[in-house]
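Given below, in the form of structure tokens, are the structures.
In the two assemblies presented below, subunit A is common to both, partnered first by subunit B and then by subunit C.
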Partner chain A sequence: MERPTLSLPLLSLPALALCAEIYVCERCEVKSINEAIKRAKAGDKVIVLGGTYREGTINVNKPISLIGKNYPTLDGEGKYEVVRITASGVLFSGFRVVNSGVSELEDIAGIKVVNARKCVIKDNVLKNNFWGIYLAKVRDCVLEGNVLEGRGEGSEVYTGNGIHLWHCSNVKILNNTIRRHRDGIYFEFVKKSHIEGNLSEENWRYGLHFMFSHDDTYVRNTFRRNGAGVAVMYTKRVLMKENRFEENWGGSSYGLLLKAISDSTIVNNVFYKNTTGILMDETQRTLIKHNDFVSNGWAIRVWANSADNTITENNFLGNTFEVSTNSKENPNTFVMNYWSSYRGYDLNRDGIGDIPHRPVKLFSYILENNPEAGVLVKSFFVELLNRIESVFPIVIPTKLQDPKPLMRRVRWRS
Partner chain B sequence: MRALFALFAFILLFSCETKPTPEPIRFGKDTCVWCRMAIVDAGFASELKTKKGKVYKFDAIECLGAFYLSGRVPKDEILAMWVSDYKQKELIRAESAHYLISPNIKSPMGLGIAAFEKEEDLKEALRIFGGRRTDWKGVLEYIREKWKDQLSHSHS
Partner chain C sequence: MRLLGLTLFDFKNLVRIKALWAYAFFLWAVGGVFLYLSGDETKVLLSLLSITLLIVPLVSVLFSITHLYDSANFIKLLLSQPVKRSEVLLGKFLALSVFLSFLFLLGVLPAVLRFRGEAFLLLVLSGFFLTFIYTALAFLIGVFFEEKARGVSVALILWLYTALIHDGFILSVIYLFGDYPLERVVIGLTLVNPVDLARLLVVLRTDVAALMGLSEAVFKEFFGSGFGSFLSALSLILWAIVPLLLALWRFRRKDL
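Right, the complex of A and B next:
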């Protein structure tokens, strides 16, 4: 369309003959969306003009485009699944989808796609739905630019996930905003999918949650003030890049929780003001490089069941505790990081501190093994312990140290 | 006769007082002892209480089952176990519940186990999800089989 050429009319003629546009509005010939879908043939466009439509469930069961103009509202009246897509090649764009039903037994969604391929769900606004956009057994779909808001305070038990994928592969989730759902984005058995540019905040549990989902990437997302941060669990080979994990406060809250994960890469992320920046539990062969850990309670907590991970060229800036562990052994490599609490010197001026940095404070070790000791944080007793430790490092309970601490911040940001 | 009645009343009273009650689960705040996830789904949350009064909470029936099978709390120290009634969203005793195992039940750890107190609720769910019904023993067998690896190495 951008560059009209002589061949264009010839090419588009058969298309015009085959693809019809069906308009739906209050004064149109077709007043119901379901009626328009019934009339439509594969490849047709159903164009819905502004207004509110209460039709129970909109059943999209053939490969057509549904396009809303001026954000027509599809209202589930608290009873129905609002949109159900069961055909491949469907485009669904420009709608307000509100008030799905709620059920003790079933996962009712604003938009549910089942057993389909190549769908595009774009630029919709979803409000007050039980589950938001729900993909089950779906491949090659794109979810882009949607805004989802859950059911809000007091209805937590009946708040499902914002964007929920179950048994899917090759799905792209781009530039969506998700608020006040259970998990902002949830992946269960999802492979080779890509999450980029989303904002997930104030969700009740996790901003993003992986379960049994391998070979996925998430890039340039912001996860802010979620109940427990982001969780990547029982998963292999995930690339986590250029994300922001912010302000996940609370007793059992994390920027990023890694549980039973391996062979993954965590680069160029910022962890800012979380109770724990990263918690590593059963984490293997994962690279943590070029990240900033700023003003967290703990920057990294690493459990002894995690091994062969490399933590290098990160900046640790003003965290209450830098690293904490529950073991005397250290089967992970910490090397060439910048630690703002490092008090060493660099006589040969090679940019690397001449004495190793020990980021595990005695008290954080005690705390890791005795959570009850938390009441002592910032007490005189703890201050004394840490002083003794800095004078007589012999009492440091773990082999964990950075043998080559950097004297200057790593400039990984371009 | 009166003595017998008194004794009976005493036993009744005694048994009432020691009837185990679960500690309420604080959804969104409590985390699962087994898998570390925050507990949010009242359809699956579970709990184990020891005779000494220590409480372990779980986000899924499979996590309670795995914890039980791991022997981290010896069996003779367990006071009681509860699972959530999937329909009523209340804690019920694990041993006497009816169970449904179905790939279409989205339990938090993916094994698809749901519990019901009432037979008719289970039947309703069976119509929706399909799957097979079983009892607590069957659930444990199923978890033992499905999570062989998890139960053999981690979590000693």
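Right, the complex of A and C next:
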């Protein structure tokens, strides 16, 4: 028989007076988690010791802690929402949550939190769920160290989002791993939240997708090989720092798609091998500084509806096209970047090139306005045209240029 | 059997031409430099593709046509023997195109063996097609124009048009009629140019295809479909067969 080890009572000593511990296992007095929750009072701990539990939905409706030891499995049998948390102050950690139901009408999740505050969902493993962790109308929660793997079959229609937040504020999402869901992390109306250290890869659609989610911070996350990269939309005052956007490759895939974003800051990120590093569509007053753009198809595409953005002190290294635009004007500021394709000189040795750099190749301008021209990719004629254009810049109708290109790479990494 | 004999005879003569081996060596050296500078499969492939699309048609058409003019007297001598005119010309064509293809294969072999990808096989295949097509075109021009200078300049113009100017023409069409849905027109325009076909054959198999953006889907759908592959294969084969047949037809009636 499995017995509580010595350390468990010791750990809970300080809280001994306040809360009771209820153990759940095959040979314990309580064999069902729902039963344990029924017995528990606010502040109690329910400790589940291994095993597999098929109890339909586990309803956590009291402020208690649910703690799994040796990763007990909660199985939704492909029918149920596995865990539903409706109380504030719940701690849920150490479980394997698998096989939630799949529905075309409802958003069935592995773990759903509704109308609650101060929850902590920590160190769980979620596999083969429709939605992963779903938070609706939640405040002050922490999701930390969870590993989510989606159903990975069918298509984006039959897979829900990994971490899905709707109408939340002040949530922390830390060090989670999300794979093979529809969107890795999805936010709608999520305010003042902090997203750090997550890995979101190989999701059907976006690694990160948010809309109307103001004042959020994204730090040290990695978004890799997602169907369409990362898309952020209709949001103000976002800070994106030290993230990696990698290998999001495909005809309509982006490292980072900015759609109707304003007053935001994008610093110290790395964009590596994406079809498009950043696509700016309706982006205003955003600062893009100290980023590395390496081996992308396009480093940055700026559409004519984006204005007053500042792109400065970035490194553009070995991109097929550095900047592309469909506008003849340039309402944005490109200044003091390092461009690996810059061929100018620096006579007074102040580290700044003496002639401006024009990062828009003729062909990329044509392509931006006439997508059919894509058929001429790698045509000798086009290469020749670009070469002529860079020597005699007459044909190109855009004013976009970097008047002070740097001669050396920006060392922003400490 | 006589055709085979004639082909082999020409073959033996071609093997002795050092300039041709220089062609293989050039491709081999360029491929080696690419391999040395970059271990990246796509980069090597695309660099080799650019070279192939430019050099293979140029060498095939230029060498074949000068070779044809230079052996005009010998052809006349041969024809005094009991051989058919078509056999003589066909023998020359086969010897030239097969030998040039062989040299091309030799040139790109290091890179092909290093990576062994499907895209590299397509590169070799498109190189073969271009060799056959431009040799056939050289024969057509050579048979129609008596004067060497004129024939060579026509061949050069043809190469310039297909390798370069045709893409400019496509681009102008796209630019001028940008307000209309042009996918079909553009597909049609690429189908008539062997160099464009060869380029797309390889490019659509690589990551670079993503740079085509939205139109990638359209082109992939077309060139990936059974009908599209059939049409492009048909176009390439016609480009080789039709000029050759025309050349043979003209050569049989020609007053030598």
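Convention: the second predicted complex is superposed on the first by the 395 of 414 C-alpha atoms of A that agree within 3 Å, B and C clash if a C-alpha of one lies under 4 Å from a C-alpha of the other, contacts with A are read in each partner's own complex, and residues count from 1 in each chain.
Criterion: a contact is a pair of C-beta atoms (placed from the backbone, for glycine too) under 8 Å apart; a residue touches a chain by one contact, two chains touch by 3 or more.
The shown structure was predicted, so the numbers you read here are calculated from the model rather than taken from an experiment.
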When subunit B and subunit C are modelled together on subunit A, clash or fit: fit
Touched partner set for A:Gly251, first subunit B, second subunit C, both or neither: both
First (subunit B), second (subunit C), both or neither touched by A:Ile366: second
First, second, both or neither for A:Ala42, with subunit B first and subunit C second: neither
Touching partner for A:Lys259 - first (subunit B), second (subunit C), both, neither: first
Which superposed partner A:Ala228 touches (first subunit B, second subunit C, both, neither): first
Closest Cα approach, subunit C to subunit B, once both complexes are overlaid on chain A (Å): 8
Shared subunit A surface residues [contacts with subunit B and with subunit C]: 250-252
Complex interface listing, subunit A residues touching subunit C: 249-253, 275, 297-298, 320-321, 366-367, 369-384
Subunit C residues touching subunit A - in the complex, by the definition given at the top: 46, 49-50, 53-54, 163-165, 167-168, 170-171, 174-175, 178, 182-183, 186-187, 190, 196, 199-200, 203, 207-217, 219
Complex contacts: residues of subunit A adjacent to subunit B: 104-107, 156-157, 166, 182, 188-189, 204-206, 211-212, 227-228, 231, 233, 250-252, 257, 259-260, 281-282, 305
For the subunit B and subunit A complex, residues of the former touching the latter: 27-29, 31, 35-38, 40-43, 86-89, 106, 109-110, 124-125, 128-129, 154
